[in-house]
Amino acid sequence: MNIGFIGLGAMGRGMAQQLLEAGHDVTVWNRSPEAAKTLAEQGAKIAKTPSDAARNEVLVSMLADDQAAHQVLVESKAIEAMKKGSIHVNMATVSVAFARGMAALHERLGVGYVAAPVLGRPDVAAAGKLNIIAAGAPAQVERIRPVLDAMGQAVWPLGESPERANVAKIAANFMLASAIESMAEASTLTRAYGIEASDFLDIVTNTLFASPAYQGYGKMIAEARFEPAGFTMRLGHKDVGLALSAGDEKSVALPLGSAVRDRLLDALANGDGEKDWSGLAEVAARQAHLDKR
Amino acid sequence: MNIGFIGLGAMGRGMAQQLLEAGHDVTVWNRSPEAAKTLAEQGAKIAKTPSDAARNEVLVSMLADDQAAHQVLVESKAIEAMKKGSIHVNMATVSVAFARGMAALHERLGVGYVAAPVLGRPDVAAAGKLNIIAAGAPAQVERIRPVLDAMGQAVWPLGESPERANVAKIAANFMLASAIESMAEASTLTRAYGIEASDFLDIVTNTLFASPAYQGYGKMIAEARFEPAGFTMRLGHKDVGLALSAGDEKSVALPLGSAVRDRLLDALANGDGEKDWSGLAEVAARQAHLDKR
Amino acid sequence: MNIGFIGLGAMGRGMAQQLLEAGHDVTVWNRSPEAAKTLAEQGAKIAKTPSDAARNEVLVSMLADDQAAHQVLVESKAIEAMKKGSIHVNMATVSVAFARGMAALHERLGVGYVAAPVLGRPDVAAAGKLNIIAAGAPAQVERIRPVLDAMGQAVWPLGESPERANVAKIAANFMLASAIESMAEASTLTRAYGIEASDFLDIVTNTLFASPAYQGYGKMIAEARFEPAGFTMRLGHKDVGLALSAGDEKSVALPLGSAVRDRLLDALANGDGEKDWSGLAEVAARQAHLDKR
Amino acid sequence: MNIGFIGLGAMGRGMAQQLLEAGHDVTVWNRSPEAAKTLAEQGAKIAKTPSDAARNEVLVSMLADDQAAHQVLVESKAIEAMKKGSIHVNMATVSVAFARGMAALHERLGVGYVAAPVLGRPDVAAAGKLNIIAAGAPAQVERIRPVLDAMGQAVWPLGESPERANVAKIAANFMLASAIESMAEASTLTRAYGIEASDFLDIVTNTLFASPAYQGYGKMIAEARFEPAGFTMRLGHKDVGLALSAGDEKSVALPLGSAVRDRLLDALANGDGEKDWSGLAEVAARQAHLDKR
């Protein structure tokens, strides 16, 4: 298919590459042009503007947050440049409110819109092994299916309303934050009783919690190695904020979310915004003054 | 080895059976005598008193909580009946304060003491596949190793101080409680946006959280089936309380623990103490008044 | 002085009246014209547009929230209609972010801006007894001093940066929310032990907490009378949200704020948004299932 | 009346003095004898043992906590030494569980028991101006009324069940802790926006919160002067713990209580157990890293 791809960050790069490898005809655009050049060497065309990328059968976008998506897609008039019958697949983690606004905008303009946020970090994206949560009109989801299949190992459909895919992604990230914080608190507690974090985490991540998320972040906590970040405190704070906002809109309290947010704020106030969010273990240890024992 | 075994509840029964199958000479005692009879049919001897069971090379106990352990082991003078050189292996989930008192008592009496709490539910115990966290004097742990091996698939050593095994077990249960609560909150949030709990949990427990704990409890939440309980709200409340107390003693805050405790209290106040603790999903849905939407 | 006054809600009405009584020349504007008529009978002129009201020596505004202020003052171009040398006194409770934007806008347009949010409810406003928190350029605050004096019993200056007055007002409302929630929790606890809420609250609000805020809200809780509302759950939720947002921006956690917010969400989800926020006592009682005892 | 008085700490000293001044015949006992000597100079008799003090028409006790009360009153057999028809007035802050046990013990021994915890700090006690919360059999409360009147400015009756007075006292202290924490959080928030703590607290403690508790603790926070302590972090932690335990027993969640407890733990872990609990402002500032701004 003819695909426009906007947003070649750590995630988007690998995703676009997978589309090329699957034989699609891909036209890329990125704010800083370097990433685009690398893909051009692998066969991608380079669009001069977001609108140029948008004039394709399918437009895929993978931008950092609401603000970036608004600037690059809406203010630039890229969405308005889309052809009738074409479909925009928005794979970024955006707020529910923004997702709803986007769905309405596309409907008004008479173009397709599928929300398809992903689970997985850059290495998973580069391997084409993402898990993709997709919501939108069934016929549209069906038509772009080959695009999703090229980037993911599985597609998880969540019905017609695009915002559902976004809230599910936000909820999944909230669960990750809670899981990390529970390791942070539990390992601080056991450290206070003289147990090495690695000894305790070794037990739980090889038994009850033998899953990739616990093992990956557990390892970082056990080794107290929070840089370079896989996912930063700053982004964690943003995503937990998205969950709390989504809850606020529907009057659903997330007490664990509030607790994690307060710990993330301690990290940000301490200047650790660019550390990995598994550094929540440092916050727990600091508030318990483990260094004074 | 000659083993006394006290406490034939849902867990203890299967554990004693494994000892018999491994060829050990097992003398059992239980408050209500029925459970003992079943084991007698499989080759166990029946002790008339806890002290009778205690007069063996190794005494294994698996009692419900601090109070039960205090009554059956201390008040009954069973510990005082132990022979010099014998070792008591306490496998129950007890408080850190009680664990410390027990260690001191055994030392005073000149008998061995190993704390060896377990991860795993009754079916796992019956299959001899428990994960056992063990702490005590290395020579003692070494000597009782065949006993542990008969009951578990793995032994996780945590050093000399018995209370460390207990705090690790308590911290692991705290992590379970947090994991369940995070599923409860996340599925309530996504339900408020029209997503079936089963659809959302299907995604996360097959991707980021593909571990036994999440999958087991996730299934109960997805099916809204909280009875019969695998582990009750009442016990969950007790164990989260043990974690908070352990934290209190060492001035370690557990914000997630407090949040979960408050939700468990709602369940207890509602008369749901005997439901499975995955019923925290009901509490979250109730506080969000999902039934009014 | 010649004063334009925009926003004649429950608060603004009484404040404008006080200005008239102090002998000022007041031109009023309100979205729904009825309130303006009542004031006209007391000597006020009626402006046809917000901009007409803005063309005075001093412009006072008292609008419901960020959104209302943005529409009525900014979108309407009223601020742009202000004369050089005139001063806008914004007395509403707005977010810190909005306050900052307003200060910048006025500076760009070369007109004065003083933030002067108030403590006190409608009856206090009608009596000219408000406490006014004021921040802005000292010369400007000095010049509008007679205007503030006409409406308040005291003016509390907080320096040059207008947003400081707003954050102080937001923090004061956060403290009110916390005080109410603490009465809600404490009276629920004591009720669970058989003590009437009125008996308990009688003690504390006549001893340790013998202040207007505790006595007023304590009375409503003691009498379980949450309608008509003095200040609604919905507004309480908005203001606690402003505090959390202000904290978020500067990485300051407000754990009490998060706890109160979750309780307010329970009220909103239950359809109690228009009840008085002292109804937090109902939420506490409901989560404790006091009716089942 | 003939009164035995046990426990001459900072509070008890002033209380016993008031009894002497009112003309009662007072026999005192204290663990360390010095305090007793001072009172002897003012006319008190000195008892050799707690039991000697207990052999009076009325026994008043004012001991530090459950443990002290248990040792001095129960283990010493002082309660058993009480004469038929005499009444023990326990004025200490004890746990609900301990209060219940004491009531049962006295009933079993056939002696009277009134719980009469107090609101007020040492200076208030010395002035005879305490507020006294009293619960017990009405006839007994009536009989000891002159004793209470000599020590307090007001007596607040709470019915027959002694534990009710204790839970009310515990709830009042929980409200104090919440009030202090709300000042700590609000002043940290406003400081992050450049407002001096004293400027902000000056506003709220002279308007909405013009009550002794807020003004007293607000002053300490404004001056950042947390030593010498009026009421220590350690005692605050104990009392908030009593509230949480009382809630736990009746399945009543106290989310503010949990939030305050976590902050108190930070203080204890930092070695600040002997500072005044208004030092919660230091904890809030530390977790917000205000010193880095």
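When the chains are written out, they are named A, B, C and D in that same order, and each has its own residue count from 1.
Keep this in mind: a contact is a pair of C-beta atoms (placed from the backbone, for glycine too) under 8 Å apart; a residue touches a chain by one contact, two chains touch by 3 or more.
Remember, it's a predicted structure, so these values are computed and weren't measured experimentally.
Student: Show me the overlap between the contact partners of chain B and those of chain D.
Tutor: Shared contacts of chain B and chain D: A, C.
Student: Of all chains present, which has the mean Cα position farthest from that of chain C?
Tutor: Centre of mass proxy via C-alpha means gives B as farthest from chain C.
Student: With centres defined as the mean C-alpha position, give me the chain B-chain C separation in Å.
Tutor: Roughly 52 Å separates the two chain centres.
Student: Mind checking the centre-to-centre distance between chain C and chain D? Centres are C-alpha means, answer in whole Å.
Tutor: 37
Student: Can you work out the whole-Å distance between the CA centroids of chain A and chain C?
Tutor: 38
Student: Quick one: which residues in chain D touch 2 or more of the other chains?
Tutor: Correct list: 247, 251-255, 258-259, 262-263, 265-266, 269, 287-289.
Student: Work through the pairs of chains, note which ones touch, and then classify the graph as line, ring, star, complete or other.
Tutor: complete
Student: Hey, which residues of chain D end up touching chain A in the complex?
Tutor: 255, 265-266, 269-271, 287-289, 292
Student: Taking the touch rule as given, give the residues of chain D at its contact with chain B in the complex, in rising order.
Tutor: 241, 247-248, 251-255, 258-259, 261-263, 265-266, 268-269
Student: If we count contacts the way the header does, which residues on chain A are in touch with chain B in the complex?
Tutor: Listed in rising order, the residues of chain A that touch chain B are 96, 119, 131, 133, 154, 156, 158-159, 161, 163-164, 167-168, 171-172, 174-176, 178-179, 181-183, 185-190, 192-195, 199-200, 202-204, 207-214, 243, 246-247, 250-260, 262-263, 284, 287-289.
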